[in-house]
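Pasting a structure below so you can have a look.
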Amino acid sequence: MDALLLTLKLAFFSTVILIIIATPLAWFLAHNTFKGKFLLEAIIALPLVLPPTVLGFYLLIALGPNGPGGFIAQLWGDRTLAFSFSGLLIGSVIYSLPFVVQPLQNGFSLIGKKPLEVAYTLNASFKDAWRTIIFPLAKPAYISAATLGFAHTLGEFGVVLMIGGNIPGETQVISIKIFEQVEALQYQDAHVLSAILLGLSFLMLTAIYATRKSANKTGML
Amino acid sequence: AMFARSHLSHADTINVAVAANFKQTLQALKTPFEKTTPHRIKIISASTGQLLQQISQHAPFDIFLAANTAHPQLLWQHIHESRDLGLDALAVYAKGRLVFFSRTPLSEAVSLEQALTNKMFTRISMANPKLAPYGLAAQQSIECLTSDTYWREKSVIGQNVAQAFQFIDSNNVDGGFVALSQVLNKDPGNISVIDEACYDDINQMALRLNNQPASLAFMTFLQSTAAQHIIRQNGYHLP
Amino acid sequence: MNLELTFSLKKGRFQLNANTQIHWQQPSTHVIFGKSGIGKSHLLRCICGLENPTGVISWHEDHNHVHWLDSERRMNMACHLRPVTMVFQDNQLFSHLNVEENLRFAFDRATANEHDWQHCIDALKLRDLLSHQVQQLSGGQAQRVALARAILSKPKLLILDEPLASLDWQSKQDVMDYIKRLNHEWQLPVLYVTHDIHEVLTLADQVIMLHDKNAMTQVQTPRPLIDILQDENHPFYGLGKSSILIAHNTQHQQDGLLHCQVGEQLMRLPIAQISDKGASLSSKEHTHPTNLKTVAEENKLRLCIAANDVSLALSEAKDSSIVNTLQGKVSRIEQTTSGQYLIQLKVDDQYLLSEISAYSFKRLNIEMWQPLFAQIKGVALQRCR
Amino acid sequence: MNLELTFSLKKGRFQLNANTQIHWQQPSTHVIFGKSGIGKSHLLRCICGLENPTGVISWHEDHNHVHWLDSERRMNMACHLRPVTMVFQDNQLFSHLNVEENLRFAFDRATANEHDWQHCIDALKLRDLLSHQVQQLSGGQAQRVALARAILSKPKLLILDEPLASLDWQSKQDVMDYIKRLNHEWQLPVLYVTHDIHEVLTLADQVIMLHDKNAMTQVQTPRPLIDILQDENHPFYGLGKSSILIAHNTQHQQDGLLHCQVGEQLMRLPIAQISDKGASLSSKEHTHPTNLKTVAEENKLRLCIAANDVSLALSEAKDSSIVNTLQGKVSRIEQTTSGQYLIQLKVDDQYLLSEISAYSFKRLNIEMWQPLFAQIKGVALQRCR
Amino acid sequence: MDALLLTLKLAFFSTVILIIIATPLAWFLAHNTFKGKFLLEAIIALPLVLPPTVLGFYLLIALGPNGPGGFIAQLWGDRTLAFSFSGLLIGSVIYSLPFVVQPLQNGFSLIGKKPLEVAYTLNASFKDAWRTIIFPLAKPAYISAATLGFAHTLGEFGVVLMIGGNIPGETQVISIKIFEQVEALQYQDAHVLSAILLGLSFLMLTAIYATRKSANKTGML
């Protein structure tokens, strides 16, 4: 199951990158007020409103030889960032960013700065306090953000189809495969693949939520 | 890295980008091709438009099997110089056939024309005339069959011919215009083949995107009788 | 130890100015006092590094001189690098950790040892609560946990913002005893905010007043509690109306009394009163023998005497239950705004305050420098250094 | 007014049992007392309808008898329908509303009128704070806002959970005066949780103890403060060590003293002491003339006297500043655990407590039924009904 | 601009319905612990992991004569719920549900029950307290939920394409139109339409975020 593995890989790395990017961004947005903050927030949410294939089209151009992506790709001798795993990653990350930033931003806002201040007075550095206090307190937000990001990457295929090129074993993810099977009227295969995808996702989601439940019990809520 | 593929190897893998409607037929062609030549193919399918956009952004495809002739020709104009492609890079490889497929057999009581105009068939589906050649053909056929314009109000547009079929297959509409290749194993009673005079030829054109031996070999194979036999079996005419 | 504060903080219409030095001769507890909303909590936050004032804050200890804040030189030591810990007025326990984990958080980042841990938990009666979720704690329990957490982070300066407000009497006593021990055993200076005069009298070495000046809050120079209690111009005076006498030559007697001397005159202190009677009617049932011992070992005692525990007489009463009578001379007469008289008595070289009614004042016909006998009822006793 | 409590609540290992009636003869303040973590806050939450105990809670007022809770009949009146309002221990102001909006929230849902609003805001000194965000309030300010909010919802029963813990002395006094006025003017009964003995002595009419019994918390029957202060078996006894005398025939005299009688004996109370001296050394500077007037009008006074403000003498002192001397007979002698003696004196048909040292006890050679003179220094005075 | 109007209409009604459905659901999930809660949560998130067109395909079957949708449609004489505005609404709502439920659930959890209890003691009924206390406190969460839901409906087109049938004026939304133009190589038109969509969305988002900013200032954060 090349496609399944590839999909999981893409979803996993997208989620990791999203969390890494979104954390400082959300923290910054939650704890600072500055002129034009709302502009930044709107820009982050903007990729959402374009149809995925159209967004994919623009990304394709941006990643291609005439866009910034091509410029970057030339650094190691390629002509384009599209049609590669890294291209897919970039697309997924841009597309899912708001789903990850917003829950985190809300979480950070509601937690406020007080716990951090207390941790400081108890000799914890920012990094330390962040790891031991803020992150655990924001765990529900992180779980939300990660599941939304992960699931969305799993299901998303417009962008991926466009900038990935649907190359089997390379950029063909499972959602495209199911899509193709439905298009090709291979309903049986599509049902099976959908069932596998749903089953896996369901297992994963229940595992996450079950953990969260016990976290809640002991946690802040 | 994908462009740095070795030219020295005799057994190459080529990427064949195919319009979604021809994908199954291409799969049927894959085995004989791989048996008769040392080469392997990878099948990449999407809509013709998407493939065009990807190729123009240097997607690593070797062969482009479009569902129309306009897109490959347009592409050829843009790239033939830089890639040193002759006119022989283009070739029509199949000709689609339009049928009207309905949930219930059309009888004398309900002719095709009536199905299009009366209220018994509340909805009919077809592919998007702006995007899909089958859509355009469907539109032409209707206009050929009837002068009534009521069909416009009851038509449901699928993005491509596959969706047009799904609308019928899921019982949401009573019937619609689909490709013969999609309904080969359905009850022939439900199928009315449309007179080919009613619509322009649905010529499907292939474009070879480079001059590698494997690509050349595939183009040759596509026009071989063995291949043509399979294509015909799958519901297409030959040019 | 010395804390230099020369800064000002502005927040909306609220402004706080400090220009003073807080000095600890030995590690002891200094109390910050001021009316509600004057800016005590903000002062503490500035010291901790949680606010961003302009000016200088520096800390001197054993020839070490560290600048925590110096706006001119654009330096501002991060809060977690300053060796201070603060108990917030609203506790602020970490809600995702249970009681023990809250304490461990501080403990793991400090140099306190296992013995300190055990002792702190026992002193603050937290042993049964260790596994509790912080959401389940009662108000007083949460307050004790917050205090323990701060103590276990073993700071060089401990800052407490009304840490006993929701504790019951007994717990308050225990905690104050513990804080005094920390002063002594850990050599830990404490800055303490409270509104409770009883806590002030029990704990305070020096008092730092915050007061309003031109709609700005001004931090006053710290003054010893003993001084303040005698200064009629100090706003504290009306509130405290107490005096402090230093007694020496402490001796534990067979008759259950502690004998000591104020100047040349003998005072007999019932043992029960030692360290148990704060400053009010509310005395405690149990004495702390350990505490008493440490008190008796040092040969000096600090006696805290409420002005209205002192009655005056022209002659020495012989058949009264009042044990302690000190002879002195009237050194100041003052009518309080409420129509009573506050008489300051010079007893050798110390001063004792007595509050009496206008009626008594007239009846006894008190005049300046007249010799009088002060009969002392209640005495609160603290170890004095 | 009568509040019937017959229920039990279980929460993890914590269990609370109540089986008692709380009765208000006239609207006054009943104090709930018990050590930290015993379950006071939970008791209040049960009364408000925020917990779900099993049993019966019912409220009687003017022949109206309303069941708030009756588990057997499966009825549980929703919290917002019960005419009680509670001030939470941690204030719990609405963070999205400013101070005025917080107050308006309660005001808009109640029958209080504009005059009450103005008066409440002035009494709690909130006028300058109305436009503040609640995040900007200091601890004491927030506490006053929470109190005002509860009062403005004009309940039929007001429940306060340590409402003055972080207020300064002066504010505490003002707020307590205000609460007493509410008792009187709004006919508002109050249930009050506090650890502060001073607040108890100033406010309490009856005291409801919570205590531990077989690891369960038991709510005791309410008892009048006067009783409790004399009951050596009551845990409060050791804490309070005060007695209460009822004086009558109050007369305001020219000499600035208030004369009154305890039995046949005259007492002279300095006006300054009226309503200003709680129970301790900490007396207040300002008297409240208005308050004094209402006090003087009614002809009965309640005098609250701390046991260690009372010294004993074999003969009546003539030249002392102690104004009040009551003659009585020793009716009980008791040695406290701390080695002092608590002497109960029968003064006519009332009882007065005096705490003296063992040394004095021996010296005066006190025996049962011996006549003695009690010299009283401090007196706290409250209006008595 | 039929398509634009239709799109806005769809996005607006979807968002309204989503908020109406998600509010009690999120409240229930935030304040109750019960066996199998995590299952319910997983099920809500599940539609996310299917590619939109595939989800659309299954919805097409569900809405059709052989599914429950057909049964409902028969009540007023139709044979299917597909190809109608109500069908589109159903699809959008199912697809965007997790984006709306999760922020609300997190918000409600962090707010907790205390403010509600206080409001009760001040004689506010549940409804009253909800309107005057909980809703304003949860406003950031609502804004997040609504913008995510709205934007996602704007951009989403796989599901809509599948169950809408792309009927101009009825079910042809703007995202499909842009998609068509890109497919038909009418890049100029696509650019213009995309720009309009982005511009409008940007205006709307900045308006919302700018309001939220001032809410923050006075609010709980």
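The first chain written gets the first letter, and so on, giving A, B, C, D and E; residue counts start at 1 in each chain.
Methods note: a residue touches a chain if its C-beta (ideal position, glycine included) is under 8 Å from a C-beta of that chain, and two chains touch if they have at least 3 such contacts.
What you see is a predicted model, and the numbers here were worked out from it, not measured in a lab.
Peer 1: Work out which chains are contact partners of both chain C and chain E.
Peer 2: Chains that touch both chain C and chain E, as defined above, are A, D.
Peer 1: Since chain C and chain D are copies that touch, just let me know if over half of their interface numbering is common to both, same, or not, different.
Peer 2: Since more than half of the residue numbers are used by both chains, the interface counts as same.
Peer 1: How far is the middle of chain A from the middle of chain C, if each middle is the mean of its Cα atoms, in Å?
Peer 2: It comes to 56 Å between the two C-alpha centres.
Peer 1: Need the CA-centroid distance for the pair chain B / chain E, whole Å please.
Peer 2: 36
Peer 1: Can you give the whole-Å distance between the Cα centres of chain B and chain D?
Peer 2: That pair's centroid distance is 91 Å.
Peer 1: Please tell me the distance, in whole Å, between the geometric centres of chain C and chain D computed from their C-alpha atoms.
Peer 2: Whole-Å distance between the two chain centres: 26.
Peer 1: So which bits of chain C are touching at least two other chains?
Peer 2: In chain C, no residue touches at least two other chains, as defined above.
Peer 1: For chain A, jot down the residues that touch at least 2 other chains.
Peer 2: 53, 57, 182, 220
Peer 1: Among the residues of chain B, pick out those that touch two or more other chains and give their numbers.
Peer 2: In chain B, residues 50, 53, 163, 166 touch at least two other chains, as defined above.
Peer 1: Go ahead and list every pair of chains that touch.
Peer 2: A-B, A-C, A-E, B-E, C-D, D-E
Peer 1: Touching residues of chain E toward chain B in the complex: what are they?
Peer 2: Per the touch definition, chain E meets chain B at residues 57, 60-61, 63-66, 70, 79-80, 82-83, 161-162, 165-167, 176, 179-180, 182-185.
Peer 1: Which residues of chain D touch chain C in their complex?
Peer 2: Checking each residue of chain D against chain C gives 11-12, 34-41, 89-90, 136-141, 144, 161-162, 165-172, 195, 197-198, 238-242, 255-257, 268, 270-273, 276-277, 279-287, 306-309, 311-315, 317, 319-323, 336-340, 354-364, 375, 377-378.
Peer 1: So in the complex, which bits of chain D are touching chain E?
Peer 2: 48-50, 78-80, 84-86, 88, 92, 94-96, 98, 105-106, 109-110, 133, 149-150, 153
Peer 1: In the complex of these two chains, what residues of chain B are touching chain A?
Peer 2: Touch list, chain B to chain A: 1-3, 15, 20, 23-24, 42-46, 50, 53-54, 57-61, 160, 162-163, 165-166, 169, 182.
Peer 1: Taking the complex as given, what residues does chain A use to touch chain E?
Peer 2: Against chain E, the touching part of chain A is residues 30, 33, 37-39, 41-43, 45-46, 48-55, 57-58, 98-99, 102-103, 105-107, 109-112, 140-141, 144, 147-148, 151-152, 154-158, 175-176, 178-179, 182, 190, 194, 197-198, 201-202, 205-206, 209-210, 212-213, 216-217, 220-221.
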